[in-house]
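I have a structure here, written as structure tokens, and I will follow up with some questions on it.
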Amino acid sequence: MSETKKFLYVNRKAPYGTIYALESLEVVLIGAAFEQDVTLAFLDDGVFQLAKGQNTDGIGVKNFSPTFRALGDYDVTKLYVEQESLAERGLTQDDLQEIMYEDEDDDWEEKPSIRIVSRAEMADIMADQDVVLSF
Amino acid sequence: MSTLHTVNKSPFANQSLLSCLGHCKNGDAVLMIEDAVYGALAGSGVAEAVKAHAGTVSIYVLSEDAAARGIADDRLLSEITGIGYDGFVDLVATHDRTQNWL
Amino acid sequence: MKLGIVISEGPYTHQAADTAYQFVKSALAKGHEVPRVFFYHDGVNVSTRLSVPPQDERNIQKNWTALAKEHEIDLVVCIAAAQRRGLLDENEAKRQGKDANNIAEGFRISGLGQLIEMGIQTDRLVTFGD
Amino acid sequence: MSETKKFLYVNRKAPYGTIYALESLEVVLIGAAFEQDVTLAFLDDGVFQLAKGQNTDGIGVKNFSPTFRALGDYDVTKLYVEQESLAERGLTQDDLQEIMYEDEDDDWEEKPSIRIVSRAEMADIMADQDVVLSF
Amino acid sequence: MSTLHTVNKSPFANQSLLSCLGHCKNGDAVLMIEDAVYGALAGSGVAEAVKAHAGTVSIYVLSEDAAARGIADDRLLSEITGIGYDGFVDLVATHDRTQNWL
Amino acid sequence: MKLGIVISEGPYTHQAADTAYQFVKSALAKGHEVPRVFFYHDGVNVSTRLSVPPQDERNIQKNWTALAKEHEIDLVVCIAAAQRRGLLDENEAKRQGKDANNIAEGFRISGLGQLIEMGIQTDRLVTFGD
């Protein structure tokens, strides 16, 4: 399989109430081994997945939010978050956890993986993919 | 290069149809299936929002799902085209990608 | 054209597995290929051979098993999702020390890599879910 | 069990897309044998359950809408449908199937089981129950 | 005679919170659990609709679910009270019935 | 006070079975009685003994089995919902001609009448679902 395709993972659901966010992340981690061109999109309630300060001790469910910070180690470095979705929920980028990666093409400089984009930019990103997986 | 979007949830219960329409590019197609077929009803509280996108986006409804739910053809918005599973397959094949709004 | 299919919800509870079935039948009748259907999330529940739907309702598992046999469709059940939800084949049951298994004929348990591979090797991917 | 309680079945979901409407009806049919004071409420997308002309041949799923017409035989005769929910969906009572029962207290006269109520009346009905089952 | 209503879905995705609030009687209580806790966020697009009911209805949020989702106490609408599972049980016991908006 | 509990969604996929578990533990600690939990819709999937969740996650079935044993809670799985979804006990498997069963210890399969009866005999009924 030498072909490289553009894979987009679309995350539109909140974490913990349902399992989709966690099982989406599991696909991303496995998928990383296939060396495709991977992008993650967070819009609508999906932006809540990246909220910082998650503490699940009280609900007896595993907190998987730290896994997002490991995505850079898997060369998953493009996490697009929609500005309009944040604003409707009363959130700003400061409410999201910081996710960094080391850019191998730029002397391993640490760079942020999360990029805030407008709805129009998100639509452009979606329209530029070969395969769209929705969760 | 255009996208087929599918939506399967009632727009009276869930925001996914409106989010889908808000992310379509000119020339894209939207297909309402399962409980989303209610979004094709004329005279409903979401009809105007759907019609507002019908100029730039082609909007379809899966006829078998509409019939199952008792939606007669004459109750559909005139801007929306009814198609069968065959037409669904054709839409998938003739667009560059399918995005499913779950 | 090669179509890859993902089913994300369980049988009877959501229409996803029914819609996918009608879609795949139409696609095959039109001459398209459906090399694989991938069952993820609650979709893995479609693969149980222990279901007993009422006599006057469709049997979703049997429909898929028959369609797969006729058209050589690879029905892949995600192992991670299946383990959480209690779907096991004979090997998995042995490996996990369980005293029973419940996967139906025509379904096989494998990893998430099969989903990515399907995305790479098919021309279009369509997901049916909630 | 001589005690009689007021049971309300709340139906807020559309049929076929999910199984809740069908499995709610199955509870109502079994529950009828317990001779409680039974009321059904249809609001939000639940009003679609009563739409007439349902034909499920094309989707390969059983059409259960005729069962609503049998409810009278089980002494289930109070089906409240919310006017605001109908209006938001562009529907009127004419879009619903006719469901009748024979009133044993009134010389077995045929009477309609469906009663259209306002949102405020629906709230009153809900507040008058002992047990509320939601589907 | 009053009712405890529970809601468990995000009001940004689903209409159930608004439908619930629209059917409450004066003196009822509404408890946001699971993904509905996002309805307690100050400054969101649904905050005004929630606050509009806070005068006649007591509104609570399940603190464990809010914490799981990273919602700090100072981000909650001041009209909403955080309670634990213990408080949830007390609300069930002190109201005449529980209605769950699924 | 006597509390009746309904669980309408499957384990892991929805939080319902987790929230119900925390709620019931709190209710029991406060001295309330929980005579029965009724599993309906996809809630019947909680009762499978074949699930193998990841080591670092909770085991929802085992949690319920243990809580029921400690507090004598009657865990009732709706037979009609269970048949559709492939949940069977030994008797049902025999009756339906199935070669395996998958119900865990502490759960029993019975009819919808048990739900109505619970509504009649308890002081409050709380449903956890989707």
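So that you can tell them apart, the chains are marked A, B, C, D, E and F in the order they are listed, and the count of residues begins at 1 in each.
The rule is short, and it goes like this: contacts are C-beta pairs under 8 Å (C-beta built on N, C-alpha and C of every residue); 3 or more make two chains touch, one makes a residue touch a chain.
All figures in this text were calculated on a predicted structure; none of them were measured in a lab.
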item	value
Mutual neighbours - chains that touch chain C and chain F alike	A, D
Remotest chain, chain D as reference, centres from CA atoms	A
Contact-richer chain pair (by C-beta pairs counted) among E-F and A-F	E-F
Of all other chains, the one whose Cα centre sits farthest from chain C	E
Interface residue overlap between copies chain B and chain E, same or different (over half shared)	same
Inter-chain centre distance, chain A versus chain E - centres from mean C-alpha coordinates, in Å	29
Inter-chain centre distance, chain C versus chain E - centres from mean C-alpha coordinates, in Å	38
Centroid distance [mean C-alpha coordinates] between chain E and chain B, Å	33
Interface hub residues of chain B, defined as touching at least two other chains	8, 12-13, 15-16, 34-35, 64-65, 84, 97-98, 100, 102
Per-residue multi-chain contacts in chain A, two or more chains	12, 16-20, 44, 58-59, 61, 131-132, 134
Where chain C touches two or more other chains, by residue	12-13, 15, 19, 22, 41, 57, 125, 127, 129
All touching chain pairs, where touch follows the definition stated at the start	A-B, A-C, A-E, A-F, B-C, B-D, B-E, C-D, C-F, D-E, D-F, E-F
Residue numbers on chain B that touch chain E, as the complex places them	12-16
Residue ranges of chain D touching chain B (in the complex, touch as defined)	12-18, 44-45, 48, 51-59, 61, 63, 65, 88-91, 95
Sites on chain F touched by chain E in the complex	1, 3, 8, 15-16, 19, 22-23, 25-27, 29-30, 32, 124-130
Chain A residues within the chain F interface of the complex	16-19, 58-62
Residues of chain C that touch chain F when the two form their complex	10-13, 41-42, 45, 48-54, 57, 61, 83-88, 93, 96, 98, 100-102
